[in-house]
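Each in C-alpha cells, the structures are laid out below.
Each of the next two complexes has chain A plus one other chain: chain B in the first, chain C in the second.
Moving on to the complex of A and B:
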C-alpha cells in the first residue's frame, strides 16, 4: 500500500496519541460526546473521541482476538465485545476501561461460538447472543441446536446463561428493538421475544416470494452499524431475469436491503441501486432515510428514492464497514487494516485518518453517544 | 461393506445414511456462518469476472478471512485450528512476511 506524506504524518501523530492513551488513565468522558469504537489486533478496544478524531483510551480485552463484534448498552456507557475466537463476552465501561462483565460460554466438553451475534436489552439489564454449541464426544463432534442465550448483566464477572430458546441456524448479526424483540439476521429476517421464545417473521429473504424471475437474495449480515439511524440494516444482492431461460448475462442485477426501524420494529425490504460494484455494508444518513452510504473498495453515496448512485470515492484499500456522525456530516470507514478513513459526507472527499495499533479485521465500527 | 462392522456411533450413523433418501439435503448458505464456502467475493475472481472488486491489497483481507473462519482453505482458521497464526503480527500489511504458511506435517 502506498502512503502519502500526509498519511505518514497522520500515522506518526496517531502513534503519539496512542502512546499517551496507553500510558495514562483517561478522565471520565464529557457530556453529549460521540465516541467511535472498534477492536484491533492483538485484542484492544479503542475509544475514539469523534470531536478530535483522536484515541481517548484503549482497553485491553482478555484472550485472543474474536471478530471484533461490539454491542452497546442503551446509555452507551458500556461496550460488550466478543473475544477468544468469539467464545467469550467481555463488557467494559468505555469511560475508564473498567471491565464489568465476563461470560465464558464454552467448557471442555462443549464448544460454544457466537458468530457476530451480541446485543443488549432495551432496558440495559440483559445481554443476548445466539450460541452455536458443539458437543465434544470422545470420537466425534455433535452439532447441537443453536439457541438464543440470555445473560443478566448485573451478574458481572461470572455471568451464566439464565435462559435459552431454540433459534434457526445461520444467524449472525442481531439487534434489539424498543419493544425488546431481538432481530435475528439469518436466512430470513426474524424477531424473537426473549421472554417467551416466540419467533415471528420480519422480512423473508431466502424464502421470499417474488416469483421465478427473481434470483433468491444473497444477503450479508456480518455488520449492522445502524445506531445513528436507530435501525438494523442488512444488504443483499439479487437479479431479475428477463425470461425463464435465466440468462445471467442479460439479467438486471440489484443491490437491495432489509431495514428494520428499531423504534417501531417495522421492516422494509427493497431493491435500492444497480449492482455495479461491491459494497460490504450500508449505513443510512441520520438526516434523510433515502440517503445511504456504502463501503468496500469504494465509499459510495446513494439516493434510494431515485435508485441512483450520487457519488463514488475510490479508497486507498479495502474497508469492510463504516459509520457516521450524529449530524450526518462525517463518515468513518473502517475494518480490515489499521486505519480509519474519515470523509466529508457531502463530497465523500477524504478529510482525515485515524491510525490504530493493529488491524481491525472484521471488527465493528460503532458510535457511542454519551449524554449527560 | 458386509464384512465391516461399525464400532462407534459415527460409523453407525454412516451405515444408516447409505441410502440417498436418508441424507439431508445440502443447501447453499444464504448468510455467512464460519468455516463455510460463500458466494461473496473471493480471492480468485470477483462477481464481475475480473479482479478489481477483490479485496485490495490482499493483505488487508488476511485477518478478515482468518478470524471469522471465512476462507479456511485459503488462510489458516484462527478461530478454531490455528489461533496463534497471527501472533505478534498486529498489522498484516506491514508484517505479512511473518505470516507463514501452514504445513500439516509440522503440527
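Moving on to the complex of A and C:
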C-alpha cells in the first residue's frame, strides 16, 4: 500500500490522521473498530484496518476463487465467503484468520452453486444460502428448483444442510432482517421465514403495477452492502415511455431501488435519479437516508429526495462496489482491480488508496465493526 | 467422463487396433464407428436399438455439420474427460457428419459460419430466438443444428448446468429465462430446426458425386490478391483426397501448394493445404452434380483472414470461370484476363467492347487489351462456346467496403491471445440507368483496388484518439489492432479498443470515390470456438 501518500492525503482531510495516530499509539483505545473486508484473487480474504487503511491480516481461502461474496456474523467477528466457483462456504474469525466453518454444497451427482446468496441469521446460529441445484445424470443435466438452504454454524468444518425450502429462480443477494426473515433478491423482492419456508412479497419488481408506459425493471444486485445503514438495496433500471410508440430515445430513463430496512423488514421502492451513467452498486449514507453514493466508472453522490446528483468524481478505472465508514465521512471504492480508492464523502475527492495483492474482481467490500 | 462418475480411464486400453483403422485408406465402416462410440462413449451414454441399427443416447437424436460434431467431441474431451485418439476422433466426426449431418439446403443462408466469415451482421433471425440464443451466439450456430424437441430441451438444461450465470445475464434476469427457454424456445427450435426433415431423408438417399479430378480454381488471398489455379484431387479413400495446387496471382507471381481434403456429408469440402509455406484451410460446398465448389479459403492460424474461393471441375468442356478485373471503364484501354478451361475459338467481349490486342493466350488463360464503348451495363463475354459476363461503366458512383461491419480484437503483447485482424476489400458500383447511386439498379462492377485508411467513427472516438491507439490498416487492406492490456496513456487506462471507420479510396479517372466500413476494435475473446 502507498502508506506515505495515504497519510499525506489523510492529513489534508483531517480526520483520518487522528484515527491512525490513535490506533498506532493505543490500538485498544477505540471502542468500535471498523474493518474493511474483501477477497482478492487467487483467493484471499483481506481484513483492512479502517483507522490506518492498512491490511491487518490476510486469510487464505481454500479452493479456487468464487465471486468473493461475503456475509458477516451479527457480531461481525466472523466472515463467511463463497469459494470454489460459489459452490463452497468457508467461515473465518477475522480477528485471527482461524477457519471455523466449512460447507460443501455440491456432490458428485448434484452441482450446487449460490449466486452471491449468503447470509447469517439474526442470532448468529444459522447460515443461509440460496442453492441452485442441477442434477448430473450420466449423460445430461437436469435443472432443479432453487431452495433456501439452512446450515448450523456450530456444525463447524463439516456443516451439512439441516433444512431447505423452495424459492424462486434468479436470486442473487440475500440478507437477514431483525425478525430473522431472509430477504430474497430476485425478480421481485420477497422474504422467507427460514423456520417455516413461508414467503411474503416485500417489493414487487418484475410484477409491479406501474402501468403500461413503464418498462419492466432490470433489477440486479451483484452486491448489496448496506451494513452501515442496516439496509438491503436492490437497484434497478427502468424507463417511462411517452406513448405506446415505445420510443427508447424519448423515454425517461431512471435508476430506481427497492430498499429494505433490515430493522423492520419493510421496503420502499422508488425511482431515485435519472439514468445518466452506469452505477453498479449503491450505498446509503448512514447519517442521511436520502443521500446515496454509487460507483462504477464514476463515484457519485445523490440526493434522492430531490432526484438530484450532487457530485460526480471520475475514477481512474472501473470499481464495481463501494462502502462507507460508520461516521459517513469516508468512502471506500473497490472491486474489479487490485486497489481500493479512498474518498472524502463531502467532496468525493480522493484521499487515499489501499493496494491489495490481487484483483478483487466481483468481490464484496464489506465493513465489519467489532465493538470493544 | 460421465457428468457424475470417473470410470472412463479404461478408454485408452483398447486403442491400438482402432487407431490403425482410422489411418488406413479403406472406407470407414459404420460398424467401426459404432464400435468407437461403444468403446469411448458408453461410460456415460447408453445404447439401445438393435446391433444393426443401434441408437446412442444424446447422440442419435441430433444432426450437425462437421464443425458441429467436431465441437461436440472437443467439449466431451475438455469438459467430460473423454479419452479418444486423434484418429478415432476424426473417424467419428466423419461418421456422424455423414450419417447425422445437414442436407445442403439446410445449410443455406448460414454457410458464412462454416466458412468462418463472421464479420457479418445477421438478419432474419426469429426475434424470440434472437433474444434467447443469439444474444450470445451467432444465429447460425443454432440454425445449423437439428434436434428432437427433447434434445433442444436437454440443451437448455446443459446451458444452466454448464454456465449457471446464463439466467442472470442482462436480457435474461428481466424475464423467466429458464421457463421461457425450456417451454417456449426449445419447442420453437424443434419446429424450426427439427431432427427429421424431408430435405435430410432425400439427401441421405441421393447419389453423391465423387469429387476427385482437376479443378479450375479462382480465389483471393489477403495481402496477395486474386489468383487462379489448377487443383488436382487424387482419391486416397472414401471422401479423402490428396491435393496439389498451382497457379498465378493477378500480379503474375506464382503460387503452389499441397494438402488434403475430406468430404463430409457428401458435399462438405474441408481441405488443409500449405501454399508457399503458409497453412490454409478451404471450406466449400459442392453442388448436387459435384461439378462446382464454392466457399472460402483462410489462414489456418487466423481464420478471419481469407477470401472467396471457387472451383469448377474440368470435364473437357469450355468454361470461363473468371474475368479479371470484372469491369471496364468506358473509353479506357485496359488489360483483361479471362480465366477458364478448354478455351478455344473466337474471343468476343460483348457489344461495343473491342479486343485491341491479345497479350497472351492458352487454353486456360487469355490476356487481352480491351476497350469498351457504349452504354453502361453487363456485356456477354464468350470464347468459343464458353460464356461469362463483364461490366462496362463510365463513372464510378459508389464504393462499398467489405466487410461493412467488422470486429477485431486486441491481442499480442503479454496476452494469451493473438490479435484478431480483419481484411478488407472494396466493391465498386456505377449508378445504373437512373443515374442515382445507392438505388436498386446500381451496377455491381466488382472488386476494385483501393487505398486504405482509418478514422475515428465519431466525435467521442476522435476525442479518445481511437484512430491513434486502436490499430492500423496496411496498403493491402489488412487491419491490425493494437496491443492487449490497459494503456496508461489512455483515459481510465483503457485498452486499445476503439470505434473506427475504415475508408476505401478508389481512383476513377481524375476523381476519387470513397466508401466506409464500420470497425469495432474490442478486447480479447478468451474462448476459442470451432464455430462462434
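General remarks:
Criterion: the second predicted complex is superposed on the first by the 341 of 372 C-alpha atoms of A that agree within 3 Å, B and C clash if a C-alpha of one lies under 4 Å from a C-alpha of the other, contacts with A are read in each partner's own complex, and residues count from 1 in each chain.
The definition used in the following text is that contacts are C-beta pairs under 8 Å (C-beta built on N, C-alpha and C of every residue); 3 or more make two chains touch, one makes a residue touch a chain.
Just so it is clear, the model here is predicted, and its values are computed rather than measured.
Within the superposed three-chain model, A:359 lies in touch with chain B and out of touch with chain C [touch as defined at top]. In the superposition on chain A, A:136 contacts chain C only, with no contact to chain B. Contact with both chain B and chain C is seen for A:219 once the two complexes are overlaid on the shared chain.
Judged by the touch definition given at the top, the superposed model places A:206 against both chain B and chain C.
Counting the residues of chain A that each partner touches, chain B and chain C differ, and the larger count belongs to B.
Of the two partner chains placed by the overlay, neither chain B nor chain C lies in contact with A:294. Touch criterion met: A:41 reaches chain B, while chain C stays clear of it.
Look at A:109: by the touch rule set out above, it reaches chain C but stays clear of chain B.
Shared-chain residue A:286: touches no atom of chain B or chain C. Shared contact residues of chain A, touching chain B in one structure and chain C in the other: 113, 115, 132, 137, 139-140, 169-170, 172, 187, 206, 216-220, 297, 317-318. On the side of chain B, the complex with chain A involves touching residues 8-10, 29-34, 39-41, 46-47, 52-53, 55-57, 59-61, 63-64, 66-68, 78-80, 83-84, 86-87, 89-93.
On the chain A side of its complex with chain B, the touching residues are 1, 40-42, 64-68, 85-86, 113, 115-116, 132, 137, 139-140, 169-172, 185-187, 205-206, 216-222, 237, 275, 277-278, 296-297, 317-318, 320, 335-338, 357-359, 361-362.
Partner chain C is touched in their complex by these residues of chain A: 108-109, 111, 113, 115, 132, 134, 136-143, 169-170, 172, 187, 206, 216-220, 297, 314-318. Residue ranges on chain C touching chain A, taken from their complex, read 2-5, 43-46, 57-58, 154, 156-158, 160-162, 164-165, 167-168, 170, 173-178, 182, 486, 492-493.
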